[in-house]
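First chain written, first letter: the chains are A, B, C and D, and each begins at residue 1.
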Amino acid sequence: MSSELKPMLDGIFEVGPPPRLLGAHCPVCDQKFFPKPVVCPHCLGEVQGIDLSSEGTVYSYSILRIPNMMYKFPQPYASGYVDLDGDNIRVYGLFDPEKVSEIEIGKRVTLQVGQIGIGLDGKECLRYYFTPQDGGGK
Amino acid sequence: MRSVDIIGVGMTPFGKHEKTPLVEMGTRAAIEAIKDAGIKSSQINIGYFANMQAGNLTKEFTVGQAVMWGAGVNKVPVFNIENACTSGASATTLAWMSIASGQYDIAIVVGAEKLNVPFVPLLNPSMRDINVLEGNVVINGFAQRAVRHMHSFGTTKEQLAMVDVKNRRHASMNPLAMFYKKPVTLEEVLNTTMMADPLTKLSCCPNADGAAALVLCASELSSQYTTKPVHIKASVLVSGVFDEWPDMETFEEDQRASRIAYEKAGLGPEDVSVAECHDAFTICEVMHTENLGFCPIGEGGRFVESGATSLGGKIPMNVSGGLLGKGHPLGATACAQIVEGVRQLRGECGDRQVEGAKVFLAECMGAELRGDAKTCTVNILQK
Amino acid sequence: MRSVDIIGVGMTPFGKHEKTPLVEMGTRAAIEAIKDAGIKSSQINIGYFANMQAGNLTKEFTVGQAVMWGAGVNKVPVFNIENACTSGASATTLAWMSIASGQYDIAIVVGAEKLNVPFVPLLNPSMRDINVLEGNVVINGFAQRAVRHMHSFGTTKEQLAMVDVKNRRHASMNPLAMFYKKPVTLEEVLNTTMMADPLTKLSCCPNADGAAALVLCASELSSQYTTKPVHIKASVLVSGVFDEWPDMETFEEDQRASRIAYEKAGLGPEDVSVAECHDAFTICEVMHTENLGFCPIGEGGRFVESGATSLGGKIPMNVSGGLLGKGHPLGATACAQIVEGVRQLRGECGDRQVEGAKVFLAECMGAELRGDAKTCTVNILQK
Amino acid sequence: MSSELKPMLDGIFEVGPPPRLLGAHCPVCDQKFFPKPVVCPHCLGEVQGIDLSSEGTVYSYSILRIPNMMYKFPQPYASGYVDLDGDNIRVYGLFDPEKVSEIEIGKRVTLQVGQIGIGLDGKECLRYYFTPQDGGGK
C-alpha cells in the first residue's frame, strides 16, 4: 500500500502494521469509545486515547449491490457491525471487498487498513476494514 | 396544559412535480388546510415549516415564511424545522406545545419537500459522519437490521416483501399516493433489482415531491370553527441513545417514544384502530409493528403474513399506502401521516376507510447516528 | 408562564476554523455552557440546535443530535432550527417557551455554523426567489436602504463607516472576535473595494466559523445551580409583512418586535444598558438603532457620529464587536449576541465591560422576502 | 432580441412588444399583486391576471460593483424598487445595464425586456428591466 495515501479521516486509525483503531477510555466512567469523543459524554471529563482490539465477531452486515459513487466504493461492498474482543464495544466498519461472500453473522474477523474509495478531498484514501479469518464459517 | 385539536388538513398529491416550486407546493397544502379549518389566515398565531433538503437540492433557505405568506400568514412567528424524516412530526410537536402552553390559540404546520430536481445526489444523513465516510449509506443500516432480524427471529424475505405488496394495495386506493391504482405482486417485489440483501428496489420507498399541512387549535375554541375536531392525545419526540452498543434487532426509540405517548394518552396499543409508520424500507414496518406494541418482538414478519396489518385486519398499518406506496417527500412525510389519521378518524377515506376508526397512531423515525435513530416521533389522535 | 433564566453560556472563538468540523464546534460550545451552568448533561430535558448552511455547504443534516450527544445530551427531544441569521434567537425563543410553559425545566440551545469550506458559493436567501433571479443578492437590499436613508435623512457615507470603526474597536477588546486586536480607521473603511454603493468591503461583516451555546432553566430552580442567573424578560420572534409596498427607510419588523418585547418586559428603550444588533452591513446598525427606539427615525447616522453607541456612550451597541467585528457564523450569531449579554450583565467582559449594565437587548434579523425581513427577533435580559 | 431566448421564469412578464409585467388583481380586496400569487393572500380567493403599468418612478436602487456569477449578471449592474404609475404597487427589478450611471431616486423609467445573464438552466435568458426616460434627471 502506498505510503502517500492518507486515512479518510485523521485520528480514526493507525495504518500500522499492525493497523489499530484509535479508541478512547474514560477512567472515571470506565467506558471505552470509538472514535475518540471530544470529552466523555457521560461525565464531560477528558478521555485517554487507547488502541482497540483488532479482532472481533460479526454482529450484522449488509451487502450494497448498487453503486455508491459518493466516495467511489467498490461494487458490491459489505459493511456492518463487529463486536471487538474484550472491549465491550460494537463498531461499524467495512468488510474486505475481496471476500464479500464470506461475511456472515458470527464470523471471526481481523482489522485491516487499505485503499478503498476516495476521501472528502476527492483523492484515493485509506479506510479500515475487517477481513474474515481462515477456518470456520463459509 | 390545554387540550389541542386538529381542525384542518390539506395535502398535495405525492409524486413527481418537476414544474411546481417547493414554495408553491407548501402554499397549496396550507391553503387547503386553512379552508378545511374554516378559519381566516389572519387568525393563525404561529407557524412551523418542515423541510429537510431545500438548502442542498434547490439552495432555498428560510422557506417557511414564503410558504406561509402565500397562504396569507404574515407577521406572526414562523420557524423552519429540520429533523430528517420526522421534520413534519417535530414541527407538529412544537405547534402542539405552543397551544397547549396557552401562549397561542391557532397554529399551522406545513411540511414540504422537492426531491425531483435535476442531478439528485445520493441522499445521506451526513457527509462528515465517520460511518457514512466508511460506507454506511441509509439503506445499509436497514439491510443490517433485516439480516439480523432474519437471523434471530426467522423472518423471511417473502414476509418482508409482503409489506410492500400490502402498502401498494393500500396506495392503489389513495388518489394522493404516487402509486394510486398501481398495486404490485409478491413476485414483482422479490424480483426487482437487489439493492442491499435482502432489500430489492421495490422494498425501498421512492423519492417524491409533495406537501401536507395541519391547522391546530385549542380544544376550547375548536367548536367555533369545525364540527369534526380530532384531538391530539400525545405528541412525542425522542432522540436516540447513541452509546457504544447499538442494537439492530429492535428500535429502542420506538419503544421509548410510544411508551411515553401511550402514557400521556391514557391508551395502549390495543386501543389503536389504525396506524401509520415510517416504512422507508419493508424491514422498517416489520420492526415498527413490534416495537410500537402491536405484536411481540420478533413476530413482525409473521404478523404481516397473517394479514393483521392489512386493511380489514386487527391493526391496519399504512392504509394511506405509507412511504412505500405514497412516496417519501421527506419534510412532508410525517405531516401526511397525520393528515391520513385525521381523515380516517373523520371517516373520509372512501375505499380505504378503516371502519369505526377511533384512535390513530403515527410513528416516524429519522436519520442514523452510531447505529441509532437520531429522532423518533409518536403522535396519537382520537376522534 | 414561568419565569426563565439563563444559567450557563459557552462560545468558541469566531474566525476561520477550517480544520474543526461543524459538529465539534457545536459540541465544544455546549460543553462550556453546561459546565458554566453547573449542571450535568443528563439534567437537560430538551435541546435546540441552530444552523443555516450545513445542508448546502457540507451536506450535513439533522446535526443537532450529534452536537448534543458530543456534550452528553441524548434521548431527550432535539430540534434543528433554521431561521437565517435569527436561527439562534429563534431556537432560544422555543427553548424559553418549553420552560415557561412548565413542560421542561432545563433546556440547551446551541448555534453553530461552518462557512469556511472550499468553494463557498455566494450565499443568498433563495435561488428560486423571483427577486434573487432578478439580481437582488443580499448586499443589494441593504445598499438600496442605504441609498434611501442618505436621500431622506441626510445620512453620510462617513457616518455609515463609523459603525464599522466603532465595532472593530469594540472587537479589538474581545478575544473571541475574529478581529481581536485589529481596529480599523475611517479612511480604511471608506477606501476598501466598493461592493455596492455606498457599502465598501469593510462595511460588510465577514463570513466566519463558530458556535455559541446557552443553558436555560426555570427561575424557580436556577438558584440550585448558579449564583448569577440572568433573567429572560422577553424572547420575541416576528415575521415580515411582505405586502406590495415595502419601505426601505425603516425596519417595521424591528419596531413591531421591540414593541412586543418592551411590553412583555415592562421596560422601554431608555432602560437598556447595552445592546447587540444585526450589523451585517453598517447601514443595518444605523437603522436598528432608530427602529429599536434608541434614537429618532432618521437620526441613526448622527447618533453613531455623536459617540452615543460607543462603549462609554449613552447606549453602547455591539460592544462584543457585532457581526462586523466578531464575524458572522450565521447559525451561531444570534446565540453569541445573547452570550455577550449574559457576560455583560454578569460583569465578566473585562476591557469592554459596560459599567453597571442592568438590562441587555439583542436584536437579530434574517433573510429578505419582497423587500421585508423574513424574520426578526428581540430578546431582553435583566440582571 | 432572439426569439429563442426564454424568460428567466415563466409567468412573470410578456416579452412584447410592448413588454408587460404580469400582475394580478383580487376583485374582493381590490388589491394588485406582482408577481401573480397562488391565491389572494388576504382572502385566499382567486386572483385575475392583469398587465401592470410599464412606467414608473425610481424609489431606491443599488449598484453592485462586484461580480454576481450566480446568474452571470453584467458588472456593475443596478437594481431596485420602482413605484408603478397608477397601480399602487412597488416592484423590484433590474435597471438598464447600459445606463447604470443615470439611475437616481425619482427618475422616471420605462419597462423593457432583454437578454441579461443566464437562467436556472444555465442558458442565456430574458429578464425585465427599467430604462431611464429621456429628459429630466441626469
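In the analysis below, a contact is a pair of C-beta atoms (placed from the backbone, for glycine too) under 8 Å apart; a residue touches a chain by one contact, two chains touch by 3 or more.
Bear in mind that the values here come from a model prediction, so they are computed numbers and not experimental data.
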Keeping to the contact definition above, tell me which chains border both chain B and chain C. A, D
Please report how far chain A has to rotate so that its Cα atoms sit on those of chain D, a copy of the same sequence, as a value between 0 and 180° in steps of 5. 180
Please tell me the distance, in whole Å, between the geometric centres of chain A and chain C computed from their C-alpha atoms. 41
Distance from the CA centroid of chain C to that of chain D, rounded to the nearest Å? 33
List the centre-to-centre spacing of chain A and chain D in whole Å, with centres computed as mean CA coordinates. 57
Going through chain D residue by residue, note those that touch at least 2 other chains and give them in order. 41
Where in chain B do residues touch two or more of the other chains? 69, 74, 121, 124, 127-128, 242, 370
Residues of chain C defined as touching chain B within the complex: 1, 21-23, 47, 52-56, 58-63, 65-66, 68-69, 74-84, 90, 93-94, 97-98, 100-103, 121, 124-129, 237-243, 256, 366-367, 369-370, 374-375
Complex interface listing, chain B residues touching chain D: 24, 27-28, 31, 34-35, 41, 69-72, 74
Which part of chain D faces chain B closely enough to touch in the complex? 37-44
Using the touch rule from the top, collect the residues of chain B that touch chain A in their complex. 121-122, 124, 127-128, 130-137, 139-141, 143-145, 147-148, 151, 193-197, 242, 244-246, 248, 370-371
Okay, in this complex, where on chain A does chain B touch? 8-9, 12, 31-35, 41, 59-66, 68-71, 73, 77, 79-81, 88-90, 92-94, 105, 117, 119-120, 127-128
